[in-house]
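Same chain, two partners: subunit A is paired with subunit B first, then with subunit C.
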Partner chain A sequence: MKITTSRTPIKEVVKDASMLKQKEMMAAHYDRLANAKENGEKVASTFVPGNLNELIMCFDLVNNLPEVNAIQSGLRRKSGSYVMEAEKAGHSEDVCTYVKSDIGMMAKGNIGPNGKKLPDPDVLLLSYTGCFTFMKWFELLREQYQCETIFLQTPYMADGKVTPNMIQYMVKQLKEDVIPKLERVSGVKFDIDRLREYLRKSARAEDDLVYILQSAKNKPSPIDAYFGGIYYVGPIFGAFRGTDDAIDFYRFLREEVDQRIAAGLGPVTPDGPMADEKYRLVVEGPPNYTNFRQFWKMFYEEGAVVVASSYSKVGGTYDFGFRHDPDRPLETLAEYCLGVYTNRSLPMRVDMLTNYMNEYEADGLLINSIKSCNSFSAGQLLIMREVEKRTGKPAAFIETDLVDPRYFSAANVKNRLESYFQMVEQKRSGSGKGVAA
Partner chain B sequence: MSTPSTTEIVARCEALFEDLNFTAAREWKDAEPGRKVIGYMPVYIPREIIHAAGMLPLGVLGGGDQLEVIHGDAYYQSYICRIPRSTIELGVSGRLDFVDGMLFPSICDVIRNLSGMWKMMFPDIYSKYFDVPQTYEDEVGGRFYENEMAEFRHDLEGIAGRKVTDQDLHNSIAAYNENRRFVRDLYALRAQKPWQVPAAEAYLVIRAGMVLPVEEHTKLIGEYLAAAEIEDRPMRDNCRVILTGMFCEQPPLNLIKSLELSGCYVVDDDLMLITRWLTEDVPTKGDPLHNLSQAFLHHSESTAAKYQPDLQEKGQHLVRAVRRTGAEGVIFASPSFCDPALLDRPMLQNVLKVAGIPYIAFKYAENSGQMQPIREQAGTFTDSIKLWSAA
Partner chain C sequence: MKTFVGIDLGSTTTKAVLLDEDEKVLGRGITNSRSNYDTACRVAGQEAAIDARFTLFRREFGAGQGTDEQVEAFLGALERAFRLEQFLEQLGDLEETCLEQVTGERFAKVGDGVKQALAEVFRRLREEAPGMFAPDATRKSDFFRDIAGSRYLAVAEEVAREAGLAYDLLLNVYDKSIIGVENRPPSGGLSEKFKQALERVAKEGAGLAGELLEPVERTLGIELEETYLVGTGYGRVTLPFSKEHIRSEILCHGLGAHMMYPKTRTVLDIGGQDTKGIQVDASGIVENFQMNDRCAAGCGRYLGYIADEMNMGLHELGPLAMKSGKPARINSTCTVFAGAELRDRLALGEKREDILAGLHRAIILRAMSIISRSGGIDDQFTFTGGVAKNEAAVRELKKLVLENYGEVTINIDPDSIYTGALGGAEFARRAAEGRVEGVVA
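And now, the complex of A and B:
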């Protein structure tokens, strides 16, 4: 007997060429990871903020990022069961769901997004940058993998400045601990000229990344700097910074953005090019990944485009001038780590968001507060009030989670967003300004 | 003059504990013109430097279960622990208006971010995020820490309007060495004869050290020790337990009392770790900041807020504490949403499992009111230990 089911046909997701290229790069990297052991490659697990990809490549190590794995699990709707698996094993419901997704994924065979098993790391490079949880996360992974763990502490930029003591501390850690241990694990001798070459390549890609992110100052913005921004920062925050692939990708993306600017087009969304840009927003905080597309749709359906976001700076803040400097190879790595968004004090974050509001001529600030992430979330209500006070623009607050589907309430988020857009509208008509072009 | 009884001493300590206006510290400040008070949050700062600048270090450990948090809740989402909101309440309500500076030690992202909030909310008051090394090589983490302390010393000189000499620091180190010795004696007595030193009393006596000058606190512990030794108290058939996870947000006093009522003798804990963070005397000769740094690197307590570089050492401090105190089990009591304690907990539990040490876990908030579930859980735990040990 033939069974037929009546189902609504799934609408094909629209992606621009750069997104497809980025997807191919990520897939190739996951394949490289899956085949690392049989290809004789060693694997270093590390974090996105404070990711020292150039240094890792100096030792022929392949970069594996547990946060990105958790994101991939979230996007593929697998993280929910992973989180619950970790909670069954005794992890608290109160703590970071990235950690629990990672631990749950391990418990269920550590299968990566390409359906192949991720390799056990040969070394854990714990870049303790801007997030306390990282430290505990890698202690948990060390317990599991029992492999060499290297610790690199980035002091917190509490007073809004980088001091010589901070740089000296980090450079000493790199020289006296991190590099010797990476040499030992990899069996590859450190070559500082090789590092300089990677750093040179990083800076080239970083120039183009900044150009792309700042293209959102155009009206209409040719990009969405939050939802789209996640695709854009993927390669440079991950395993590609310092490579020719990254240079090519960002050049390709830049050309694509230039074409959209020339044609007066807005960003490409999963439902096709965005029609009218009605609201220009700055967004603070990470996105939700379990309902990523649904979340994004709530914005573009209302004509809201994100012109700047703090999340696109967690793996490096480049828009205030920092570039990796091959002439000061270790110092520049330290400065890179120190400058990542979550390593910046709250007053610095307020300044940065206020700057974005003004520079990108945004209509308002939206904070997506993440239950899992105290590094981002603690203090966001004060940030909201302060930015509102300084800019006179309305701000709003929604709450979701990174990869725990239990904390994404679509109806609540949508209600709040709709109310917020009405508020922006009222504020505009009150101040006599027209809708953004 | 007669020695005060434990009842009198504890009554005084309880009054200090309940006083959310910090009257004792205010009186200390008002007693002489030019005196300064520097507040600090858990888990550790080198109080010696504040003392050497002639100032009073004041422990600010949240608002407990008596403070009505009105403003503080407006600054935090529901999924963030309670201590930062009650600390903001203390600040906004003027209860800390006499404080000349606030320190936010490196313990977690919430307290770290609170340091920036404090700068924005109280811009005229000195505030500092106090960073500490998580790497323990003398020339790396040690040097970084010495420089951080030197900067702090310099800041305090600016507030005090005078130099803080090495001799000042040596004198202060000596005062805190003596205090730590008395605290250790109190913990040792409790481990040896827990019926003579009820957990709530030990807590209040140590807690008094958060608001009193160190010399006065040392004297107070001495008096309590003398009085507790001669007190005639019945020994109960309680189960000896260690409490862990309470190093930041404080449990309600009732929670500590409830544990004892449910059949526990608390023989060790990680409450107010600052009072015994440094586990050995710090030398009082040579470079004082170097000495403090060396003590931090090589002779300091283990806790979830610190990185443990050696996998084999992870959690062993707890196993050693169990062996040292003769504890029969461990209670993981953690504040809700406390990242350090809750992320660390599964690793510590695995270590205890291997060592064959029973444990239970629950969460609390500083304003938890319902003790019955905790009492039942702890009671069941102690009963099961007694049953197993009898088998």
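And now, the complex of A and C:
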């Protein structure tokens, strides 16, 4: 199933078929966005956590995700200049670099990853799910585009559970504010049966996604649930949830994973199939995108595979049973928003990571702390200690940034990671041996 | 005999430790890392081997050969004589190299004059050398470059003036030569130099030279076999070590601190470019660690920079800061800002010692933050790295530890700079035993 492409002249990058398929899907979506105005389509900008794609599709709106644009800019090594552009415009060095990449990209003509201009949004739909920065980000975009802004407030899961009140509160907002405004902007009347149909499709793809992510419980794990995981969650966290394309993609991916399990193979890395699995890790926090491949390489070269990550839950947490439910269409959207990782309290995050450590039989927890991300970074040291205490497994902390290349110090990160892997190894081989002094 | 070598290739200095089969330290060696880790590694290893010889002499003399004081006096004399021999050898190398530089157009007319001047400079340097290694002499540094460099510059200036020659010419020749000389470890055999040193000591008539000659020669006959080597520190990846021969500095510092103080649970290491907070268990196995990321603020290099700014030697900072009764309050640990802060405060009329005390406190504050991130301080607490030699830094550390963690035993070994290399050597010893830790076998 492995197809080798030669994107860079220096070295061939190995991608498996699903990755290529995913890339095609993303490219098609960017083309659709670029041509939206020509094709008479209206555009809704929204965020990955709390992305209400099914609802957006009910109004024939095209989903545009500014964070994903920033990620694309990071992967394409454009974000550095965008960030500087935003700083020139007065944004502080400490502001989220997704925001600055986006603002800088707009200032430089808003050219998307396919080289074509991204459309101005017709509506900004903010489902607020725990990241305060998103609110400020959309205030900036509203200033820029002077378009309709919709704010759906998701109550924070401070007590660790969803109450009927929370759901009622959100459904009320959907009915009285979000849906009427979307109708007005789009000119399309809301049809709840259409929503149900999309939700049904979402659930099917979600089943396969969960299967894929949980395949990492195998030894060796057939997937990398962080670096590879980012490819896997792309479609369902973006504009594809609720579509047939997503169903097809996740079915295809599931088959690919099944083949790897059957063959006893590990994940496919840019340098080909991973050799021996030496360390199984749980990772907390977003990755770095400016040096994504280099960062990944520091793991697979040492035989480290990520078996579970919190980041692959930012656009929805499905592995504890939640599925979009066509029978409770508005309630299910509320529950979805409530459950995304960024909306979970610190104790919930600790529980979740501890659960991953145990369920996936991980050797340790690694935290990648993002310089400019307050939403993720707050409490990470506490999370680390608590998970360490509960599991008795070693944890480590490294620091990088999302899309600001200035904050990725490869030598330092590599040094920390190597130290950490050796520490895991030392604990494994040294504990209980009563090392003499 | 079997020996196990640990080498810590730091950003500022490279350290080597030689262990014997009983996990006892045979020798320690240190050199400046230069930009050449390969050489630094060889020189540090050789220094450790020299030091190991002295350990073996001590062991050999044991009982029956005079009092301890007499033995120590003899060994002291032997070491000084040995260092002198080593120095003279490198000086010879420097002279030869300098002479080779006297070619080309620039020297077309003055070549002979420069050569004569060089001969005179080196004659004087050789003449004054024994004084530099006299029993009560103090040297600012043990590195050839530092000792020879400062004397060359002073003597060359005199000679140039006397000869009516441009000082620049002699300076230029030296600048072109010193790096090459420094990167060539002393070439002659160690035994040869020991023998020359012995002769020198015998000539000077130091007490026991006669009786000890024979055991010294016998000891020199013991071969130090390099059974296994483990490298650590920043330069480790640039060395031709295979993976089994590399351990991270975190593991090495953790284990090294444990070996020095077996009750250690928390280690703070402040090195040239990083600060590490390490938690270890009862066996010296690392439980957690934190290092400064993204920024080297508050590391040893900060003090180096301050020393340059103040035109002082690095080792002079601590003693001056100790004189402060009222440390300045300095918040920035940014190395670059520190210079500005320093000049600003000097301009405001603050005392140098107060500013320095404040700067030391700032470094330790930053270290405290890193330790707390790694899990705080548990009894016992071991402080290592080059900065642990700085009394002002230690004073601030003790204060802050007491304020934040109460009464804690704080261990500082005079050889703490060798902690990483010591851990490395122990990893080497264990690896030779077939115990491979920290590496997937």
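Assume the second predicted complex is superposed on the first by the 421 of 437 C-alpha atoms of A that agree within 3 Å, B and C clash if a C-alpha of one lies under 4 Å from a C-alpha of the other, contacts with A are read in each partner's own complex, and residues count from 1 in each chain.
Basically, a contact is a pair of C-beta atoms (placed from the backbone, for glycine too) under 8 Å apart; a residue touches a chain by one contact, two chains touch by 3 or more.
Note that this is a predicted model, so its numbers are computed, not measured.
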- Could you look at A:R416 and tell me whether it touches subunit B, subunit C, both or neither (first, second, both, neither)? second
- Message: Applying the document's definition of touch, where does A:S18 land relative to subunit B and subunit C: first, second, both, or neither?
- Response: neither
- Once the shared chain is lined up, is A:K136 touching subunit B (first), subunit C (second), both, or neither of them? first
- Query: With the two structures laid over each other on chain A, which partner does A:K427 touch: subunit B (first), subunit C (second), both, or neither?
  - Reply: second
- Which holds for A:P347: it touches subunit B only (first), subunit C only (second), both, or neither? first
- Message: Between subunit B and subunit C, whom does A:E399 touch in the aligned arrangement: first, second, both, or neither?
- Response: both
- Query: Does the superposition put A:E388 against subunit B (first), subunit C (second), both, or neither?
  - Reply: second
- Task: Kindly classify A:N374 by the partners it touches after superposition: subunit B alone (first), subunit C alone (second), both, or neither?
- Result: first
- Item | Superposed model, subunit A: greater residue contact from subunit B or subunit C | B
- Quick one: classify A:K278 as touching subunit B (first), subunit C (second), both or neither. second
- Query: Do any residues of subunit A touch both subunit B and subunit C, and if so, which are they?
  - Reply: 371, 381, 399
- Message: For the complex, give me every residue of subunit A touching subunit B.
- Response: 89-92, 94-96, 99, 128, 131-133, 135-137, 139-140, 142-143, 146, 149, 151, 153, 155-156, 158-159, 163, 165, 168-169, 172-173, 176-177, 345-350, 369, 371, 374-375, 377-382, 386, 399
- Message: Considering only the defined contacts, which subunit C positions touch subunit A in the complex?
- Response: 23, 234, 247-251, 258-259, 262, 281, 283-291, 293-294, 373, 375, 435-440
- Message: Per the contact definition, I'd like the list of subunit B residues that touch subunit A in the complex.
- Response: 74-77, 79-80, 84, 106-110, 112-117, 119-121, 128-129, 131, 133-135, 137, 139-141, 143-144, 147-148, 151, 304, 307-309, 311, 314, 334, 336-340, 342-347, 349-350, 363
- Contact footprint of subunit C on subunit A as seen in their complex: 278, 303, 371, 381, 385, 388, 394-399, 407, 409, 412-413, 415-416, 418-419, 422-423, 425-427, 429-431, 433-437
